[in-house]
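Chains here go by letter, A, B, C and D, matching the order in which they are written, and residues are numbered from 1 within each.
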Amino acid sequence: MKKLINSPDDVLTESLLGLAAAHPELRVDHANRIVYRGETKPHGTVALLSGGGSGHEPLHAGFVGFGMLDAAVCGEVFTSPAPDQLIEATRRIDNGAGVLHVIKNYTGDVMNFEMAAELLGGTEVDTVVIADDIAVEDSTFTAGRRGTGLTVFVEKIAGAAAEQGRELTEVAGLARRVCASGRSMGMALTSSTLPASGRPTFDLPDAEMEIGVGIHGEPGRRRVPLASAREIARMLVEPILADHEFGGSPAIVMLNGMGATPLIELYLMFGEVRGLLEKAGVSVARSLVGNYVTSLDMAGCSVTVLAADDEMLGLWDAPVSTPSLRWGI
Amino acid sequence: MAVTFVQFMDWLRLTDEHVIEARSELTELDSAIGDGDHGINLSRGCAASSGKVDSEKPEYLDDMFTLVGMTLVSSVGGASGPLYGTFFLRFATSAGHRQELTPVQLASALEAGLAGVVQRGKPELGDKTMYDAMQPAVLAFRNAIKTGDVAEAALLASRAAAAGRDATADLVARKGRASYLGERSVGHIDPGAASTALLFQSLAEALA
Amino acid sequence: MKKLINSPDDVLTESLLGLAAAHPELRVDHANRIVYRGETKPHGTVALLSGGGSGHEPLHAGFVGFGMLDAAVCGEVFTSPAPDQLIEATRRIDNGAGVLHVIKNYTGDVMNFEMAAELLGGTEVDTVVIADDIAVEDSTFTAGRRGTGLTVFVEKIAGAAAEQGRELTEVAGLARRVCASGRSMGMALTSSTLPASGRPTFDLPDAEMEIGVGIHGEPGRRRVPLASAREIARMLVEPILADHEFGGSPAIVMLNGMGATPLIELYLMFGEVRGLLEKAGVSVARSLVGNYVTSLDMAGCSVTVLAADDEMLGLWDAPVSTPSLRWGI
Amino acid sequence: MAVTFVQFMDWLRLTDEHVIEARSELTELDSAIGDGDHGINLSRGCAASSGKVDSEKPEYLDDMFTLVGMTLVSSVGGASGPLYGTFFLRFATSAGHRQELTPVQLASALEAGLAGVVQRGKPELGDKTMYDAMQPAVLAFRNAIKTGDVAEAALLASRAAAAGRDATADLVARKGRASYLGERSVGHIDPGAASTALLFQSLAEALA
């Protein structure tokens, strides 16, 4: 295992030390692994909390700051944080207007946030569960779809709404609308390697790739021979378009790197993806290209498409100032 | 013949040992159909929980198992943390402020734990989760104490858990991360079912 | 070779198509592979041009925009651009106040920029050559040190000065002062793979790493057994401190990823590096952690330290709005 | 006996062929002590330059070699682009608006090219660059035409270039990317010296 770490057990703790040092505008509660804003919002404004397993950086801590999250709670690598951390974080950021829990749909995350909400007295909590990954068949009998790239969009758009002083039900409703009209699909050229295990989670021969992977090193829906960027773009975009009606509304599109794929390739992929979308009549109004929701050292990418209405576009464009998303301010 | 406090301590200690022994095996199972951390998560949790029990030295079953449950919830994370945590928290409530349990009381405590898992995770039989090992084990224990002694019952529960674990191999996962794989999950044992089998194996050893 | 590309020959062309689509605020001259600003500066302001081989993204194209570069010229992967591209770009961005050529010290880059400057009539050109990589022994008889991470600092600080309307000699002088007081050192856990060759440039066994690598997949000064983040930080920071007197002045520090190293590890490394610097009496006033000057899919990192005076700090903090560096605007 | 326009065309064609054949070998040499693109760079440049010559069909040596030099400069990039480009640009100027060259004129043109490389890259003998193959080759050519014929001179130049190329293996690089390696550059042939040897091998074949 080739990693820039000291010991597998200390990765998260020490990474948070570095994060705290690099971003003096943020605060870190090291005991509870909570990253929160140095400057809190005015009393009476809704606060946003997200969190989940680590290893997806910059998600979520890199999106704490003006216009996005109020705090992020970091679990161990690929492991949901525990209720007591979530409770502590929720209490810390509550400004008296309630807290929106932004949850990626994984059994562990959902259960831990649920336990936290059950135990939280005195704080109004609403919840949005993101389940945008169409690689997974949806069904009420299963765990349902995973939450992946769309999380960035939910955090940005709901964060901007909260910053404007809107009420909790409104912010949560907006977040749910984003969830309803966004879809993602990912692929991997290589597996990631958990620091604690030291070996790739799955073996991927030199001539193959995984289509429909998540962000936890879990294998995808199918393994296919390596293909060109153009064909890969098709394998990601077509199912997204088949799953949701995007026609008409302008789209916000993210071409996301899984962690180990260089930017030169991500831009190339974005060109392919955008071409396919425009050909299908989806006009790309805004875009993000880069590493936003990663899976440690996995090579690969994912595509997220959101059918955005004017309100969402406006909130997308609103000023944001976080370590990993910043504009207009 | 009641199950003593020392036997319950043994149960926890043995579980601890078996989980640590099986750390990489559990992780391997989880790598095949999940995210490869189940062994890591549980060993971290067991270490934290024995540490807590060692330092706080609870003297009653409700205190001890509440401590275990709380520690698991806050140190395991992931899906198995809340599930095993809830199992022990409910077990504690059912066990009550006692230092030993009759076989019938133990059966009820196990059932309470099982009900907690159901409430938390909404698993059904055949979903390919820890529930597929836990449900038959708890049922076997309840049935066995009607006729046999508690050691025998724990042994039968352990066998039922192991059989439930093995049977998960043929299932298509419908809950947890393995469900993302659909048909590709077939042929692999569920890691949570494997750790649940260890829990009941430890109980059988503690009561033997 | 596992890459998100169509054909090795088209990587750069197609990546620029994606970049153009992702950043409508920029313009791309695809024939000459020039990325330039959509909104030009006022007449009479100094313009900044940089360029070099591709494969180091976001360098340089990701730093085109307000407060940094006016244009970037992209050579083939790891290959300097040619004089005619540089000439075209220089003419395009000249606002009548001259153009500063920001050059990383590689024989190819230096010679191609030199030929361009020789052939450019009618445009005042000044030149700054960045040679910050202390892994290379300096000497007047050799090619000298490589230009690496400090390039970001030069482009940011000189770019801010140009934006303020300062004259070419002043902007160039400032850029040279940054060069004189900044140092870098890098390491690699893995080699990068050129699309055109398809194989790792060098073999690095599982238990070894390269200390003192550059950003072109070239092997480093020495190969050593894998070590902890703490030891690696020492191997990078100590030679930097030995090479230059940093004591007293506040430092701007970059912990840069080589392309395939996840952010969680980069933050961890930053924590280690910052600890060592502070212990040596160097106070870290500003910092950057992330992938800024990469080497395709190489895993590893580099450290850049600049002893900054008040003027540099002020220009560092000045607003900047480029695809990959943005604040204050 | 003069060297004809056709022979110069042959020189370029053979160089083109040899470089493309040696593409991966040159790249491998550059991987060991550089950035692994020398073969890629030169084949791209040769393809571009033959394309230009084919389409523009220059009829005089100065036009042809200016075209080659300009095309190499603008298509090779890296260090070798300006160096080989300058070589041919200076060669063109020295050759002049002619269709053939006497051996003495050819020697002068080669010297002019060599001087261009020196001016551009400031190499010295022993720096472990293309200059270590080019300088002895040009010198050998000039010396040989004093007594022998031009084919013989080109052959000797080719041998001198090959010897110069081989001798670079023992040197510590002081110029180009290989210089970053210091002592670690010893034991490897310089890729630019290897391509220069191909240039002179092609000349010998064209004039044979």
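Going forward, a residue touches a chain if its C-beta (ideal position, glycine included) is under 8 Å from a C-beta of that chain, and two chains touch if they have at least 3 such contacts.
Bear in mind the structure is a predicted one, so any value in this text is a computation, not a measurement.
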item	value
Partner chains that chain A and chain C have in common	none
Relative to chain D, chain with the most remote C-alpha centre	B
Distance between chain centroids, defined by C-alpha means - chain B, chain C (Å)	54
Centroid distance [mean C-alpha coordinates] between chain B and chain A, Å	32
Of all residues in chain C, the ones touching two or more other chains	77
Contacts with 2+ other chains: residues of chain D	none
Chain-level touch network, classified as line, ring, star, complete or other	line
All chain pairs that touch each other	A-B, A-C, C-D
Interface residues, chain C side, partner chain D - complex	53, 75-85, 106-108, 111-112, 114-115, 135-137, 139, 141-143, 146, 194, 196-197, 201-202, 214, 216-219, 221-222
Interfacial residue positions of chain C with respect to chain A in the complex	2-7, 11-12, 14-19, 21-22, 54-55, 57-58, 62, 77, 189-190, 206, 209, 226, 228-230, 232, 255, 259-272, 274, 284, 287-289, 291, 294, 296-297, 299-301, 321, 326-329
Interface residues, chain B side, partner chain A - complex	24, 27, 31-37, 40-41, 44, 73-83, 86, 120-121, 174-177, 179-182, 184
